[in-house]
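Following: one structure in structure tokens, then a few remarks.
Naming follows writing order (A, B, C, D and E), and every chain is counted from residue 1.
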Amino acid sequence: MLEYVFILPLLSFAAAGLILAFGRWLPLKGASAGIAVAAWGFSQALLLFVKAIRGGITLPYEVSIPWFSFGGSQATLGVYVDGLTIAMLLVVTAVSLLVQIYSTGYMHGDPRFKRFYAYLSLFTASMLGVTLTSSMMVFFMCWELVGVCSYLLIGFWFEKQSAAYAGKKAFITTKLGDLGFLIGLLCLFYATGTFEISKILELAHAGAIPAAVAGTAAILLFLVAAGKSAQFPLFIWLPDAMEGPSPVSALIHAATMVAAGVYMVARLYAVYALSPAAMNVVAWTGALTAFMAASLALTCFDLKRVLAFSTVSQLGYMMMALGAGAFTAGMFHLTTHAYFKALLFLAAGSVIHAVHTNDMREMGGLRHKMPVTYITFLLGTLALTGIPPFAGFFSKDEVLAAALARNPYLFAVGAMAAAMTAFYMARALVMTFHGKPKDAQKYDHAHESPAVMTGPLILLAAVSVVSGWVLTRHEMFEKLVNFEGALPFELHHVSHGAVAVFSSIVAALSMTVGAWLYKARPEIPALLREKFSPVVEMLEKRYWLDAFFLKLVDIGDRLSAFMFSFDFNFLDQVVIDGWAWLTLKLSRLQGWLDDHVVDAAVDVTGAATLSAGRVARLAQTGLIQNYLLFVAIAVSIFAAIAFAG
Amino acid sequence: MSLLSLIVITPLIGALLILAIPGTRIKLIQGVALVFSALCLVLSGQLYRVFDTTTAAMQLVQRVSWIPAFNIYYYVGVDGLSVALVILTALLTVLAIIYSFNITLRVKEFFFWFLLLEVGMLGVFVSLDFFLFYVFWELTLVPMYFLIGVWGGPKKEYAAIKFFLYTLFGSLLMLLGILALYFNSTPHTFDMVELINQARLLPLTMQIWIFLALYVGFAIKIPAFPFHTWLPLAHVEAPTGVSVILAGVLLKMGTYGIMRVSFPALPLATRWFMPFLIVIAVINIVYGAFCAMAQKDLKKMVAYSSVNHMGYCLLGMTAMSAIGFNGAVLQMITHGLITGSLFFLVGVIYDRAHTRDIDAFGGLAARFPIYAGLMIIQVMASLGLPGLAGFVGEFLCFLGAFNSWPYYVGIATIGILVTAAFFLRMIEKVFLGPFNEKWAGLKDMDLRELIAIVPLAVLTIVIGIWPRFCLDLIDPTITYLVGIIK
Amino acid sequence: MTEQIIFYLLAAVITLAALGVVLLPTLMHSALCLGLCLAGVAGIFASLGSDFIFAAQILVYVGGIAVLILFVVLLAGSASGRITRQINAQWLPALLLCGLFGWAFLKIVAHFSFGLAPQSAPEPTVRALAGLMLGDYAVPFELISIVLLASMTGAVLFGRRKAE
Amino acid sequence: MTNLILLNPEIILAAAGLFILLAGAFIEEARAKLLFHLGTISALAVLGMIIAHAAFSAYGAGTMWILDPGAQLFKFIILTATVFTLLLSVNYAAIQPRHIGTYTALLLWASCGMMLLSGAMDLIYLLIALELISISCFILTGFEQKNPRSAEGAIKYFLMGGLSTAVTIYGISLFYGATGTTSLFSGASAVGLHLNDPAYLMGMLFLLVGFGFKISMVPFHFWAPDAYEGAPTPVTAYLSVASKLAALGAMMRIFASVIPHQALNITLLIAGLAALTMTLGNLTALFQTNIKRLLAYSSIAQAGYMLIGLVVADPIGRESVFFYALAYLVTNMGAFAVAMIVAGRTGSYELEAYDGLARRSLGLSIVMVMFLLSLAGIPPLVGFIAKFYVFASAVNSHQFLWLAVLGVVNSVVSVYYYMNIARRMFFLESRDTSPVETDIYTACVIGITSAATLFMGLLPETFMRLVKDCVSFHL
Amino acid sequence: MTLSHYLALSGVLFAIGLFGVLTRRNVIGILMSIELMLNAANINFVAFNRFLYPGRYEGHLTVIFIITLAAAEVVVGLALVMAIYKNLKSVYVEDYNILKG
């Protein structure tokens, strides 16, 4: 069972290759291969999960083979499986499977259908690699590969300039974070002498890593998590990433890849735990992100972007939880969020598939046309907003409780974000599915999606509804995913019942207000927009973060232009081709310069040499007595030397 | 005749044979060039097979007295440092020759010079006698001069002479350094192995001067800032096959020389120079990347990216540890593969569109999927994507250098980011976005081009996934090398 | 005393004639001055007791070379001599250089003690010279003949009228 | 008067010259080329004598001359150059058939003078040898009477020569005054006595002027470009190789071994002149558009490199000069031979004549590139080994490292103009694309020199051994 | 009279000759100036021989050789002058100026 877990990513890799090479001849143009592999993976993950809960396997499990050695150190390829891994594995395989099924409908008829599935399989493989690997080096590799897949999939419809741009933006922004990863990893290597996760954790647990080093490494590593998991200030790429097909958004930019940052922090939690400073950075960045992203979602009219901001906000929650010390809560939120956010994205995809627009202002009243989509979207919304007894309620309140335990301000920020979440989700729901159709043509054209698309929606909806409750039965999740020394997972403690009640009421209230405002009195939001136009502008400009990063890029460009002009105009022309300018001046001064010299002057170090040569050549006047004079000079000097010597 | 001599002499025979064929028999000339370069590749494959990866000693040594008056030997051999470079040279030459079948101008001369160039390059990597090394080193110059000057772009003549003078200046200084080493050994010898043992005992000042003389020669080849200005020009003007060799092999001669001789023979000076070298390495990385970003010309961009990548190599070398050295050598090899194929790919598009202006294209991925795929793979490899060849070397360079120079490494990472930025921007502009209908008539890659490029792409992936192919060759020697430097 | 008078007389003749060679505008006059100068040098030789050289100087130099030069001067037109400057523009640096040389040389001459006088009276040299010429110096002596032959060949080659 | 037998080769050569001169007066014009062959054969015969007789190891001395391996080596070089020159002359159109006898005779006499020079141990003897060379060469330079360039080159050569001869003779007179003899043996033994004698030093310095003129050392080089350009091309080749190397050989004997310049304390002066010579030669060569002029400046620069070895003057330095002389002989001769062929086909010595030569005659172009690269000092050609040798001596001496560095910089500069010719041949196109034919005699020269250029570069050991022997027996 | 007198005379003669070589425009004038310089050397030889090395005759002999060489040189020189006069119709050296640079 466990011994064969390493096959999972390899199989996905193989599937990717298979689809790319032979997809044409496979059923469903190759989608079948991807789906089959994903299904198998899911079954394995589920089996593992069950066994792990029942205690049928001993964790953690580790196996590795040598990969290559460098200067006395060894890099390995291997798997490291503990509860955390299994939880993540379940998320990845499940969402991947459902998204792939869904995509057969969504991507139907796309000219690059085959390639899409290849990318999806490649992504799944890399993501499984991130999840399973035993070595931070391989982790980094798969991490980057995930990024590339994201790049390829965001820019899947690359004929759209915006899609191409978004892909690049996503890649470079996350790459910025990756620099932190690289340096952090180097720090970690020199602190521990190894890339093996198990050894690093062991050393960290033993406290063998100095806190300062651990803190530095942890913060640097957090930079990369911030990039991939779209934390402040690097979250700017995620809204733009919605240029990709909706299933991609569901899989990569909602459920799995963006959660990888959280997963990484959780993976190296022992290192983070060594440094309170690092923990604080994580917590506060998470809180800030949760708040900012939620506020950004308030004014957004693009359905997918609303969901994207929502994702960012929820990721902020997870980080906040981890930073606050609530290890299990963070991971629990990751798990539930993966399902309902994937659901929301897929439902949104279904809507977009029907009306061919992302803009909520052109939708409305779609609940009649697309009942299944509507119901599932509604369930997802409820789960997200944290209305009991849906999944989000269990996880989010856990996070808020942890925040409260840690720091009341953290809790306040989190609660505000929760309120906003409820509000904007209500807004989105109402604008999309309720009210009158705003674009009649699009409305008429709309229709319910086919079964391959609604099927996964229903499944996910079911999971979203029950997962929170199920996973907390018998401390199931807590047993699986825990960290010694972290805050306990304590929903059932009465003291935190208050938090649960409070947050549920806030969410419900906020949601009701939102729904009422947008359904019954749509003029009020419009009025508010006008009244608070500076705030709205700030939100629409995304707190000017985009502008800030564009400025950075601009500075980079200027810098590069300057460096190149230095290289070309100064270093090459002036210093090396040296004196060319001087020579030219000199040549103008001296009328006797021949034409061919100018031809020759286009030359190396030599321009200076040439001018020296020209001077030397002056001596060769052709007048014999000038020559003789030189001889005479030499003779006289010789005579003088003889006398002097 | 030993295997190494056979490897070196095979292309020479080919070159002479070509000289004997009338210039009108183009197919025959191409055939001969291909056969002899392929034979050379096969022999180097044999070299890979017989090479013993467990020892750091020189292998397949052949030593024949050549000029006893100066105690000069024809002395060849390989160790982990050079064996992979020999194979790389043989491989890239074959591919470049295949690619160059599209050359129609003065075919005979082209392949003559090309094979002669191969002799020089192989010779540099197998020589263990410093004099012999120098002879081969210079031997690469002349063919290169003609290859750039006759078959190059619009400013070919300028580029050719600039390349020639620049490199010659460096190598002549190197010659003085070599002579200084020679006269400071007892008995006077050019034997590198012996020199390494003897020169390390020289006083610091002497070592510094010799190091400097050698360094200038090597640095120009690498090219290390500020001696790099010949490179963009030469690359841009050179024909595709030659650019490939230039980037893939010739640049490596510089770093190879430093690691082969300068470091082990002059350890005191090496340590003395380290603070400068790390600064140069960082400048190369950051500055090269930024310069590349400013380029509108695809080829120039790749050329400057070479400056950046050789900076990684230097970075690894400044680590003075086995990790860094491993990284540096691996980086040499992978850079050869990656940048070589990037130059091929640039050549492919230039052959079709007759422009390399990045802004002139757009959306090519839709119509040229194979081309776009290969280009994206190599670009990703070049910007250090894990799983592809570029990553491991680069990572090891950083890893090695981090221990000694954490802050410099921190600065150097900017280079990674900028590299990613300019490469992705290039991909966006050239391959993505709406298709530029101006290029509707162009065809995707043909068989000749695929044969030249696909092996490199395959190797890029294979080495990326399983770097032991290279590292196992390198590691023992590097461990030994670090041992004698420290 | 007589000796001194003769020397200074000869020195004056030589110097003035030499200056004439160098400075006189008409080439014809210069050539005549050259003859005079060479004759003066011959006088110096005589005063130093070198009988054979005196004869050779008169015969070869004055009789041969100077006359030859005169011939050429006549052939190659002295026409413009009076009209154009005969001294070129670099006379000043030349003068300075000659001054420098002269100064340095005179300093060197000063090394040879001024008091030195010949230890013995001059003897006839012809016999001794003949001995040397047919003895140790036979080879240079023969070589000179080839040199002369070569120069003669050249003269014949260049001196030919435009026959071809 | 003893050991006259040692001069047999020179005597034979002079006699052959005389015979050819006479024969030239009687032979029909149509068959006059026979005289070239006669000259070649006699030079070859003497060359054979040199090789067979001495094998570069026998030595002996007469009253004024000496026979040692060094002298033999230079005789070998001179005779080889003579043979090459005669071969090049056969098809040189500007020599009228009726003057072939004169031409050949003068050439042989000049060579005879050079051979004498290389063994001279007495200043009178040396002076006469120098004059024999000078006078023959003056005439040979002006041999194309109809060509004003030839005449002008000759007269400039002559006037420079005249002045330096006068200075040299004056120097000899001072030497005589200081030592009482013109013999270098006695002069050498008297070095210690005269070190503080300014007359002695001045004499030696003035002697240096004479040699400087012959090897075209700056600032006595001015005649060289003009004379080289004006002279018939074979004569140019001859002047640049034989005349220069013969004088260099004698200079080596006098200033590097008999009366070493270190003893005279003028090392720095010679070093400075060497530096000037190579630098000025190279810098000026950059601007030349005429191949003969370019090669003239190049040969000035080459003399500068050779002088490095003379400056160092230790065994390695002297060996390096000897080796360099050998290298220079084959390389420069070859280059001139190609230049002659090209000029013969295109009628021009301008560099434009080389445009697109590779398309017209690839073999010739490659060979020319080889010569040029050898001159520039690129391995594996003999020029490289020679430069390597010279630089090695400078590096070894420590004291003259700066000369080596300067030499390096100069080499780089020189490559620019050498490769400029290569550029023209390979990169440019010419309007005339007809192949350039080579006549058999010139082909012979080119073949031998190019083979030697390559062979001596690849396997220099034999020749290194040779020069080592020469130096170890050199007086 | 002493040796120094003769040497001084020779030095003056040499300097005058040198000056002539450098300044005479007429090529024949230069030739004549060179002859003056040679004569200066001759005076040296004879004077040295007479004062320092009496009883030996190498100096005298050398003078004879020099006179002969001078004659040979003048012959060739004048022949060359004739040759160039035929070509350029000038005896002024600054007109011999085709070759330069």
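Quick notes on this structure:
Note that a residue touches a chain if its C-beta (ideal position, glycine included) is under 8 Å from a C-beta of that chain, and two chains touch if they have at least 3 such contacts.
What you see is a predicted model; the values in this text were computed from it and never measured.
With steps allowed only between chains in touch, the distance from subunit B over to subunit C comes to 2. Setting subunit B aside and leaving every other chain in place, the chains that still touch stay joined as one piece. By the document's definition of touch, common neighbours of subunit A and subunit C comprise D, E. The central chain of the assembly on a C-alpha centroid basis is B. Ranked by how far their CA centres sit from the centre of subunit B, the chains are topped by C.
Farthest chain from subunit E (centres taken as the mean of C-alpha atoms): A. The chain pair with more C-beta contacts between its two chains, of A-D and A-B, is A-B.
Remark: subunit C and subunit D have CA centroids separated by 32 Å (rounded to whole angstrom).
Averaging Cα coordinates per chain places subunit C and subunit E 6 Å apart. One finds 26 Å separating the Cα centroids of subunit D and subunit E. The mean-CA centres of subunit B and subunit E are about 65 angstrom from one another, to the nearest whole unit. The set of subunit B residues that touch two or more partner chains comprises 161, 165, 169. Contact of a single residue of subunit C with at least two other chains is seen at positions 88, 90, 93-94, 97-98, 101, 105, 107-108, 112, 137, 140, 144, 147, 150-151, 154, 157-158.
Counting only residues that touch two or more partner chains, subunit E has 7, 14, 17-18, 21-23, 25, 30-31, 42, 49, 52, 58, 61, 65, 69, 72-73, 76, 79-81, 83, 86, 93-94, 96-101.
Applying the touch definition to every pair of chains gives A-B, A-C, A-D, A-E, B-D, C-D, C-E, D-E.
Of all the residues in subunit B, the ones that touch subunit D in their complex are 19, 23, 66-70, 106, 108-109, 134-135, 138-139, 141-142, 145-146, 149-150, 156-157, 160-161, 164-165, 168-169, 172-173, 175-176, 179-180, 182-183.
For subunit C in complex with subunit E, the residues that touch the partner chain are 3-4, 7, 11, 14-15, 18-19, 21-22, 27, 30-31, 34, 37-38, 41, 44-45, 47-50, 52-53, 56-57, 60-61, 64-65, 68-69, 72-73, 75-77, 81, 84-88, 90-91, 93-95, 97-99, 101-102, 105-106, 109-110, 112-120, 122, 125, 128-129, 132-133, 137, 140-141, 144, 147-148, 150-152, 154-155, 157-159, 162. For subunit A in complex with subunit C, the residues that touch the partner chain are 625-626, 629, 632-633, 635-636, 639-640, 642-643.
Considering their complex, residues 594, 596-597, 600, 603-606, 609-610, 612-614, 616-617, 619-620, 622, 624, 626-628, 630-635, 638-639, 641-643, 645 of subunit A touch subunit D. Subunit E meets subunit A in the complex at residues 18, 21-23, 25, 30, 93-94, 96-101.
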